[in-house]
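The first chain written gets the first letter, and so on, giving A, B, C, D and E; residue counts start at 1 in each chain.
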């Protein structure tokens, strides 16, 4: 059986993107067909990803680009999440259209479907990157497209404000990233992670400090990407302001890619015990702060999109527990599983949120009042999503947390486990606030039932089933990660 | 496929069907009735001293030693029977609410499914998972269809139990990690074996985590404050299921995962502390119960108080105490379910459970008064009801527990004496409430109250008959239970 | 049928009646009464039959609880002279009272409840009599308490009755508290709960210092509660709120005597614990005296009899404390059962005749209107007061004689009480039957129906003759004390004459009580003390607990943590200022902090 | 000589850099930025990185700065009105900056090779343009491609964001 | 005397901090953006210095560093383009480039 080299996937995606641009430019097709074509292309690449063979080393040196199992897993992850983002965007297009200055109907909507494809390419490169240059460049590709996507609803000041905030803080973190890479490169003379791993044991104590300085700055930039406290400030604001599909995309794909890069970057440094010790402190602290801040600050929120922003920080905290739990054996699979679960439940939440927001004109929790009777399907979807986010058993969210905490206990991260326990309880509080609104509260006067298109119903069904099935039989996913 | 699977899947299927839109009450009653029948058959089928039976296993995360394993021994089938019986009673007694009636019945069935699944699980991981399944239905039941300050109660019980079960989860992980590296598993049978052979030596910290986790779930003092509020606010069937069945999860868990696993010396380090807590449950909560002015709160506190006895039996680490705890666990489940059923009925009729407003109701509702009297007497631990046999065994077990002390009485014996005083206390509050509600002159507005309807009457009678059978022939239950407690 | 199965039938017949009454009694009054009386008669017949079966009956038990090697609790029958006699007494009196109830309860509502309760009581009482081990005895001990609760609370709509039944149950449970600890201590030392096996280990127990003494005292707590000894006597007078037949059967003749029966049952233990016996004797004597004093100032006809019961029970307990064998107190129990039952039934007859009037100061001059009742009451009074030739004379004097020999102080207390007994009984007699009627009801009183009068007459006979030597020899094997001081008999006679004479003199025809002693009338204020304790100690503690649960425990384990968490969240969210510069600053500060830690 | 040049260039670069921050008029800031970059390019050249120096001048001074100025003109930004001084920001900024300087100083002082003199290049004849090119196109080919995509995306993005009316 | 690596790094560090200070202190988004450019360029200076001082085995500067500078410049240019576009869009919508006017999303 013939196999395609892994890097063909990215090429494929870029080609799809360019093809879509041409389509947008030179045909008068309905813009929705662009979105559908994009989804088709992404899904085709997803299928293709199962046909990939080993990496031919003569084309791209493995010190730049790795295509190991996690990388492949996350490529698929990214592909699917992009496809879903575009699916969400298809539903969101009418709203989007209202907030862009277009001369003709549907003008400018095409890019809304096409840019995520390029983001997807960037993300895919990111998860394969094994060299700081690669990391920097692919990360910037992702970031720059996100700047555009976040700010693209130009007539909506919220979107613009979010865009500016993301831009300034993103650029600031880029500055730190570059400066950090500079130092790591400067001391080790290497940009590839493999090269750095070889150089690290040779360092004197003084130069170790300099490497740590650089690494710290890189950590800051990646912490920004994954929304770790205290680099999370952009998250709630940007999530709230950005177009809903983009928020979902940001919170899932961008975070996932951030985490795999974080793991890859840290991995060589764990081999040096003096550095490892310090990293342990820093990671533990980051995880603890992130857990506490994300969960606690989410409690008083009333806007669901913003709440999901804080929730995203909170989940970053749990994932950081996984990152900080490297001592008891590899925690990568646990993180991968958690992210996969997070992907399912977050997308489901945004899917429902988007429909409710489109119907009721707002995305406050109070807009969900009485959803249980207004639209049982949406309510059920949201219910399952919230329960999974809260970490209730028989959902994938619980297993994710379980694996993370198992890893943490194995690594004797008892402090984080304790904080985790408390924050899980507070998590119940704010996720159940949504459930309460849906089922306890009466629907506002005059609220009619919300129509849900068949495709969305199908998606909700698939997501619910996946959340529960993977919550009971996670083995396929776990096997894929190992 | 294990017949237990059908026991677990029936209520879940029932819940799914009700949500999908079948006639909720009929579906729920059918599912509960079928489940009760099934558990009866399994109860008859089970050979008490043959260890786990009906075992079927399905690998879920083999790399972590997690399998979806169902199985039951004498102890499990006894508790399964309790669960399905209480479920049937609860579902039958439920009054179909106007709002979201399908969710109402689905929630009830889900709570039952959680409990049944937990009691039928051999794998500690699924044991835990099934219990948590009931959390959200409880939240919905209290929040949507509750009474009084239902919102606060729902929040409290949910976050509290979430926290408790999370502590428990951490304890379970700790237990898991204390097994030898290549033997790590969540299979309770294997864990017990490893502990018995000395290959696994779980530490005191794990013990404390497990006891604390289970303790919060069974409202161990001082972590009991969620319970009264929740039970008082919950609709009657929910309170029945939660107090009668679901809360037994923690005690059952201790019987399965703590007493057979930990070395007595490990446990002994914490005995004094835990005994103080248990006495807090019995004495302090007992006193608090006396001070209650409303029936629902009083019953809720009473159920918290009785947890103290069971805990005492568990702490004794003696077959006698454990057997007593197991028996009491079944008995308390039945009696508190009957009591909550009646208090719910009473609320439906009178609209109030305040002692000050009620009085002399036995005049208007003699059958109701009689049933309530029976249930109250069972809660008081009167001979003839299984509660008495359970308490008796617990007292015997606890009195003979612990190391001999120079002072004459060791801590367990002192605790037993104090716990016996608790029997007096529970008599006081139960009889007081009976006096205030059913005795004395009847108020004018209650004179026309109709007596208890047929369905609830049959339900409560059924529960009481079970209690009486187990009370007259405790050995019948013990024959099932004791072999399960005789770990290698 | 043989001697082994008979006790089982005796025991469970009343239970079956009770269960049938519970399910079907509501539909027919006759059925309820019939079932109860039929059951009682069957049990009565069988117990007489059993009484004449010779010889020992071998092991005769089922295993109720059996946890191998640790605890075995059988349900077993003890068939020995003690239980045989007691069976006969209980069943005979019960049958009579059941029949009497037909008349007394005619027209009352809750017929099935009443007869169901009686049947349940009979079952429980027989269980105590037949039990061969402590746990079984405890089980029926509690069930007796339950039936007493049901029967006292028969008129539950009356607040006083409702309170009384509650109090009776709770006070009994107080006694049971000690009883159970006693059982536990005995089991802990001997590994068994069966009487025979424990008695076999008495030498072992004796070797353990005061262990046995303490155990016996704890066991005795059961008696204190059940037999209404000081200080737990308060429930018995209040229990008079129940229907009079109940008072006569439960609260005079049989149930309250269970405590004494139990002491007789465990006599081998008591013998080995002299200190405990001393204590028992003291409690008995003091109860005897105190109750006698209280009785002198009561105005309710049933309450007078209730205090008299307490006083007589005190005699029996005293007997258990001083006599060399269990037969001495049992003999008094035997005679007392008849005459006290008779007295109560007479009182009941009077009460019915006066349309449920119980205050003796509303009675008077009934001698001619209810002659049979009067005659029976006189028999009962003489028996109770220990008038020579009547049953009480033989049994009570025996106890007093033993007491004077073994514990002279207690003996003389008992003698004094005998005088008090005569005084208060003749007071009752004089006020109720002599003089002139003090109310309309009394003026128009008529004799009770035959169904009530016949049992009176039937009971009057044993009340008179039960103490005669042939009867006594038939049931008991008494050991007459030697070296009884001669003066004792004269003293007792003098006390009787003094008491009776004084009473007749004082109470021949006053309109109200010429003697007022508040201390006695208020029962030494013991009831008030209890009320005070319940109200001010227990209920205050409970309220404090209730307050603390909400404002301390809940505050610390739930409110404060959750509010604190929420507040933290509320404060933390304000870090999210919305201002880019602030974000940049926090970001920078985070970087500095992170690097600082890394480099530290 | 080199040291003198270094100090001159460095000082000017820093001064102009500081001017960017402290001048109120956006145009002056932009021009200071250009100047700062020019001296930065000069520093690059003192490090024998001629190609990078040239690129720096071309791209930054030539393209980026023009862009900045265009935008300033387009938006018609005036001199910033002196608003009330945000003391918090100043203290915070000072804290962060000096904290950072302290940390960097620590790294600089503790790390050994920092007092290292400039080593001679073994073969000064090799043109750094060709060397950079070699490295870029051979070794760093993939990132180069990605940057291409990045620029494409940026182009699209700019159109999406700034076109007055999308057609 | 030639300047040492330390000199270059110190100067570049100072430039970086000037940029950082500007980001924190200035209120005009455009200026903040310029300051961000300063920071990137400061990093570039360090990179070039490192590449010049840490020669490869062949005795040549480590051109990897210079290539990285090239990438940084390119990316920065792209970022500037997009960033300025956003600023223009913002100005069109809100007639302001002041950060303090951007505070509708908070808490």
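Brief remarks on what is shown
Going forward, contacts are C-beta pairs under 8 Å (C-beta built on N, C-alpha and C of every residue); 3 or more make two chains touch, one makes a residue touch a chain.
It should be emphasised that the depicted structure is a prediction, and the values quoted were computed from it without experimental measurement.
Any chain touching chain B that also touches chain C appears here: A. Common partners of chain A and chain C, by the touch rule above, are B, D, E.
Contact counts per chain pair peak at D-E.
Among the remaining chains, the Cα-based centre furthest from that of chain A is the centre of C.
Centroid distances from chain B, each centroid being the mean of CA atoms, peak for D. Among the chains, the centre nearest to the mean of all shown protein C-alpha atoms is found for B. Rounded to whole angstrom units, the spacing between the C-alpha centres of chain B and chain E is 64. Here the spacing of chain D and chain E, counted between their Cα centres, is 5 Å. Centroids of chain B and chain D (each the mean of its C-alpha atoms) stand 70 Å apart.
One inter-chain figure worth recording: chain A and chain D are separated by 31 Å, centre to centre, where each centre is the mean of the chain's CA atoms. The set of chain A residues that touch two or more partner chains comprises 133, 136-137, 140, 144, 147-148, 151, 154, 164-165, 168, 172, 183, 209, 213, 236-237, 422, 426. Touching two or more other chains at once are residues 573, 576, 578, 580-582, 584-585, 588-589, 591, 595, 599 of chain C.
In chain D, the residues that touch at least two other chains are 89, 92-93, 96-97, 100, 103-104, 106-107, 113, 139-140, 143, 147, 150, 153-154, 157, 161. Of all possible chain pairs, those that touch are A-B, A-C, A-D, A-E, B-C, C-D, C-E, D-E.
Of all the residues in chain A, the ones that touch chain C in their complex are 164-165, 168-169, 172-173, 176, 209, 212-213, 215-217, 219-220, 224, 229-231, 233-234, 236-237, 278-279, 281-282, 285-286, 292-293, 295-301, 422, 426.
Residues of chain C that touch chain D in their complex: 581-582, 585, 588-589, 591-592, 595-596, 599. By the touch rule above, chain C contacts chain B in their complex via residues 63-67, 70-71, 73, 135, 138-140, 142-143, 146, 149, 153, 156-159, 161-163, 166, 169-170, 173-174, 176-177, 180-181, 184, 187-188, 538-539, 541-546, 548-549, 553-554, 556-558, 562. For chain D in complex with chain A, the residues that touch the partner chain are 103-104, 106-107, 110-113, 139-143, 146-147, 149-150, 152-154, 156-157, 160-161, 164-167.
Of all residues in chain E, only 1-11, 13-15, 17-22, 24-28, 30-31, 33-35, 37-38, 41, 44-45, 48-49, 51-55, 58-61, 63-64, 66-67, 69-71, 73-82, 84-89, 91, 97 touch chain D in the complex they form.
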